[in-house]
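Dumping the structure here so I can ask a few things about it.
The letters A, B, C and D name the chains in turn, as written, and every chain counts its residues from 1.
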Amino acid sequence: MMEIFSNILIYFVIVPVLTLLGLALCNNKGIKAIRTVAVVGATALVVLAIYLVYLFLQARGSGDTSEMILRSDVLWYAPFNVKLALGVDGISVVMILLSAFIVFAGVFASWKMNPLPKQFFMWFFLLSTGVFGFFISIDLFTMFMFYEVALIPMYLLIGVWGSGSKNYSAMKLTLMLMGGSAFLMLGLIGIYFHSAADGNLTMNVLEIAKNNAIPHNWQLWLFPLTFVGFGVLGAMFPFHTWSPDGHASAPTAVSMLHAGVLMKLGGYGCFRVAIYLMPFAANELAWIFLTLTGISIVYGAFSACVQTDLKYINAYSSVSHCGMVLFAILMFNTTAMTGAVLQMLSHGLMTALFFALIGMIYGRTHTRDIRDMGGMMHIMPYLGVGYVLAGLASLGLPGLSGFVAEMTIFVGSFEHTDVFRRVLTIAATCSIVITAVYILRVVGKLLFGEVQDEHHRQLTDATWEERLSTATLIVSVAIIGCFPNFFVNIISDSFLPVVKALGTMI
Amino acid sequence: MPLSYTIAVIAIPLFMFFFLGLAGVKMGRKLTGWLGVIGMLITTILAYGVALTYFFGTGQGQLAADGARQAVVVFNPDWLSFTKELVVRMGIMLDPIAAMMLIVITTVSMMVHLYSIGYMSDHHGHAEKGYQRYYAFLALFTFSMLGLVVATNLFQIFIFFEMVGVSSYLLIGFYYQSPAAVHASKKAFIVTRLADLFFLLGILILSYYTGTFDFDKLVFGANGANSLEVAQSAISTAGGATFLGCSVTAWALTFIFIGGAGKSAMYPLHIWLPDAMEGPTPVSALIHAATMVVAGVFLVARLFPLYVIEQGAMEIICVVGAFTAFYAAAIACVQSDIKRALAFSTISQIAFMMTSLAVSSADGGLIEIHGGHGLGYMASMFHLFTHAMFKALLFLCAGAIIHAVHSNENSDMHGLHKFMPITSFAFLIGCLAIAGIPPFAGFWSKDEILVACYSKGIGWGIWMSMVAGMTAFYMFRIYFLIFHWKKHEVHTEHAPADQPWTMTLPLIILGLISIIAGFAPAAKLLGWDGKDLHTQLNWTVAGTSVLIACVGIGLAFKMYYKENELPDKLQARFSGLWEAAYRRFYMDELYQFITHKVIFQGICKPIAMFDRGIIDGFFNLLAAATGRAAYGIRRLQNGSIQSYVYVYLVGALALALVTMVCVLI
Amino acid sequence: MNLTLLMYLVPSLIMFGCGVYGFLTRKNMIAIMISLELMLNSVDLNFVVFNRYLFPGQMDGMFFTLFAIAIAAAETAVALAIIINVFRVARKVDINELIKLKF
Amino acid sequence: MESLGNIILYFVVALVIIVCSVLTVTTRQILRSATYLLFVLFATAIIYFQMDYPFLGAVQIAVYAGGIVVLFVFAILLTHQPGKDAQRIDSTRRILGAVAALLGVAACGFGLFSYANFCGRQLAEAHSWSIEEIGKFLLSTDKFGYLLPFEAVSVLLLACIIGGVVIARRR
């Protein structure tokens, strides 16, 4: 029981919980103490995440080729064989890294959070607990539990600290995601009851995959349930409509964390649970979901073209980009799947950056309508440059992360011999042009041109904590864009087992 | 000089970009400008050293065993591994055209850097706001362009295609507070992006079937120079796969050409280039006249052996090129904005290069290339080189004029010869060069292009000769309108005059280069297979083309030297044609219609409405239905105890009835 | 002639029926309470009669009735207190008019 | 064979119960209604005596007739609104109530008469429980001991007292 504390992974849950408790002890008015605790917690997470990458590289370097490293199992609830099973592979490692960075940036982005900063940060760290817990666990039950832990705080974070029609949005987001959870839970229960042929039922993902005992006719039912369950969070068409409203109403840091990390839970879950455990159904039903995600990509991009609210634009852009993630995951080859993870990283950082900048601009101008703004580059050059960089990353400028991810996806998808997938790939590639259209439209209207509102001339540029928050993200985006092979090497081997399993199905 | 110094040639501009971009804000404006110039000067010296070493030196692997000048890869680390075989590398490779491009890019960029010191200042010599940004972007562009030409693989070219596109976007939109500039930059980026999409598809298809991005597997033979056999075998790995009746490689190559056509402003993707003139004039000279716009030509030249094998794609290029050359020349004849006229002239000249590349075809044995044994390839590259020089010269002259009179319109210029003699002479040299008058640079390269065209077919030759004549006409029309026509009326307190030395010196240098560049040993150095081409002047073609050019110049002289009624009369006579040409044959309107009416109003708006109305509406309906149902059920809980009793009683009676029935049965 | 069980049950049944009728038709809350008492009383009577006729040696029915009377008294007392209070506030005893707390 | 007095008594009581029950719910004057209820309760008490449950009959008279009806009367007088008493009950409501009640009665009656054999039992001799015995049973935990319900009812009554106080307290 106690030996689990010697596993570094558990600290990804313990640290946010401790931060949460530390925050609880703070005085409501002591904003400095609150900030200090939050920053210490976030920094500790970043340090842990970097150390984890180091450990991972060391393990792989020393010839450890096991599927997951840093494994530990603690029996939690014997009747259902629920275990606190921890373990990470390359994919989870980079996702944890991503989450840590976004939490870090998020803390600084919500530096001046008002009202109730203490409570805000507490919910914020509860959300992070869920996110990290999800990525480190390989047990269906704990995964689902942490998934829910990550979802619920969203309701309060939007409902209390949001803007605009926040009650509606918070309710919509929570209900739709809960609806997804309902599907998901059905799927997970179904998987559990078919997890082993010999009756030793298990919740452990690795064991289920090894047993490979889910009957094919059951897979055909369970796969859509789990895929849609996670797909709702991944903003898959047509279950994406929570995203625009939710993002529009959410406070900055929450948008960042939500688009940056939480939506990735969807993609990660689709892979880790749906495809990994049910390769047969994945092969059989891929065409349905490929079509849906293909629609997502183009549809999101087209919708973004005519929006006037900055957050709506980014929300639709997220629909398009996250569609790309699911699209690539369904391509079933290492290259495309690696691209999907890169896209998750890229989109996470980039969208977080977008939302951070939008929040900062909104905090100054009190409007998010691009028709009311203009010439912001002139007024707040730092934020303007940041926005342009985020935009360029989004439309795939080489040297920034978006390009690497999209190209890996396109090349990987095109590798597939299936004509249907090739055609879809070609359709998906069209999105890069549409992306350019809406990004440049926003940049042109918001940052360039003449100042629309004379009051805006008095506005100030970014403060130090805003600079720190955005600079963290910009540098991360650039690092992925410039040294992609570092990440590709971490990620790609993790897909070998599942690609092999899928290969035997064809 | 070791060829590995090329790394420094690439790295210095990149460093300058970051240095000027990040630290520049804290420095004085002039200081950043001069730092940029010094950085570029070092780059230029190194680039010249490397290129000349490559062309004339030995012992660093430049020459293969059979004497061909082969490609030298000095640096080629993996950058992104898609699969074990399909790896994108970020490399540096020198071959004749890359070395030639190094010279072109650094020369023009150097001139533009120096020129901008003066151009980007007001009349009192104070630097404009955004000076640091300007120089940082110039450095970024130079870096991207250099990275493009030394690319070792197709994907690297694509990457730098994007990079130059963004640099171009940033520089066109340099005056970001002017809506026109913002619009133009957006248009440029999106149009080239659309073309890049096809480029990407082309790469995807080609790499899928050949399994590689690398040029040394696609086009370079054992001797490190372009080889038809290698191209043939690369194409044959596709195994004769076809799509819609054409081979997949033909599709791929056509798509790649479309990518190049976007950057090189071939019809119908040319529409961004005239608008791109909203950027500062030195930028137009560097990006939109000399370097970036020839990226498409460079791309086709890079894959030349593949195109030679896939004649279908080559035919498309040829037709597009020939048409564009004429089309742009026709429009250039009537433009009133000096920069736009030059922009259309650029389009036309690039089309010359494209056509010249595309007239080549291989014989069955793959030993030799028709069209004067690859003359077209050499001519095209040569023209690229000379054109870069004299077109940059023309643009810089135009910049000097604009800077002097504060207007782009011909009507505000007139009779400037007296005020700006140096500029006038420099412009004249440029015009003579582009018109193809010996011994100026343009004559030598254009002549070889025409020879190559005649060798494909007499029709092609005549067509291109005619366009050459038009070139002479419209260039001299501009020249006469600006510098002569009538006496200049001074409107502002400053009379127009030659500009400060930082702006005049580049004009003089480029003018000199335009005079002598034609004597560069292009045939010896730029042969398609790395070997000496042994050409000699075809006096028949040369004579005719000079004659045609003279006719064009004469016509322009007659019409525009002195103020007269003839142009207005002709305009009135052919008003429809004139109007159409002036409005660029309504291509912009067509695009406007497609993008705004069809895509924006016809696709985006309905999709957004569909999303809000149908999809979101469905979920809202679901929520509303649940709410309604809840309200409906709540009615039963009305708090009236008597109705509860009724309900209870009914239930009890029903139960009793059921029991009774059960008992009875 | 014997007094059978049925002979006691019939009046009880009629009393109950009257209680139901009153409960359903009256609007005055006190009248409703009265009807309720009728029904309760009828049930008490049944308990006693059944106990006496069927299990004469035991006294469970009687005790049930005893407790029922006690509870009924308490319930009536509280109910009437509430009714009077409501009347003090709203000046109404008609249940159809007392709809402020509805929904 | 019962004694004639018993039989006559039964018929009188049954008649009183039936008539007064009907009158209780049909009269328009609510005070009268309470009075008729009193008669019904008295009649019931008489049946209890007849069944040899004198204690129960006494309780019925004391608690019901003496306590509850008085409470009713108080309540009626306190909430008395002149002119509201005579409100007519509209006929649909009445008919609906009557139908419902009659249906219920019919169903139960059908049950009763279909078990006529069982219901036709004679009154058996029984031990008449003294008050002392009843008290012992109430407070014992043996068989037939009722301590637990007794305590429960006492708690209930306590709750009612407190509730009554709370409700009656002036605010």
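In this section, a contact is a pair of C-beta atoms (placed from the backbone, for glycine too) under 8 Å apart; a residue touches a chain by one contact, two chains touch by 3 or more.
Because the structure is predicted, anything quoted here is derived from the model rather than measured.
Should one ask which of A-B and B-D has more C-beta pairs in contact, the pair is A-B.
A straight line joining the Cα centres of chain A and chain B is 37 Å long.
The distance from the centre of chain B to the centre of chain D, with each centre set as the mean of the Cα atoms, comes to 103 Å.
In this assembly, the C-alpha centroid of chain A lies 65 Å from the C-alpha centroid of chain C.
Chain A and chain D have CA centres that are 71 Å apart.
Contacts with at least two other chains are made by no residue of chain A. Chain B has residues 646, 649 in contact with two or more other chains. Within chain C, the positions touching two or more other chains are listed as 20, 24. Here the touching chains pair up as A-B, B-C, B-D, C-D.
Against chain D, in their complex, chain C makes its touches with residues 1-22, 24-28, 30-31, 33-35, 37-38, 41, 44-45, 48-49, 52-54, 56-60, 62-63, 65-67, 69-78, 80-85, 87, 91, 93-94. Interface of chain D with chain B (complex): residues 96, 100, 103-104, 107, 110-111.
Per the touch definition, chain B reaches chain C in the complex via residues 634, 638-642, 645-646, 649. Those residues of chain B that touch chain D in the shared complex are 646, 649, 652-653, 656-657, 660. Residues 20, 23-24, 32, 95-96, 99, 101-103 of chain C touch chain B in their complex.
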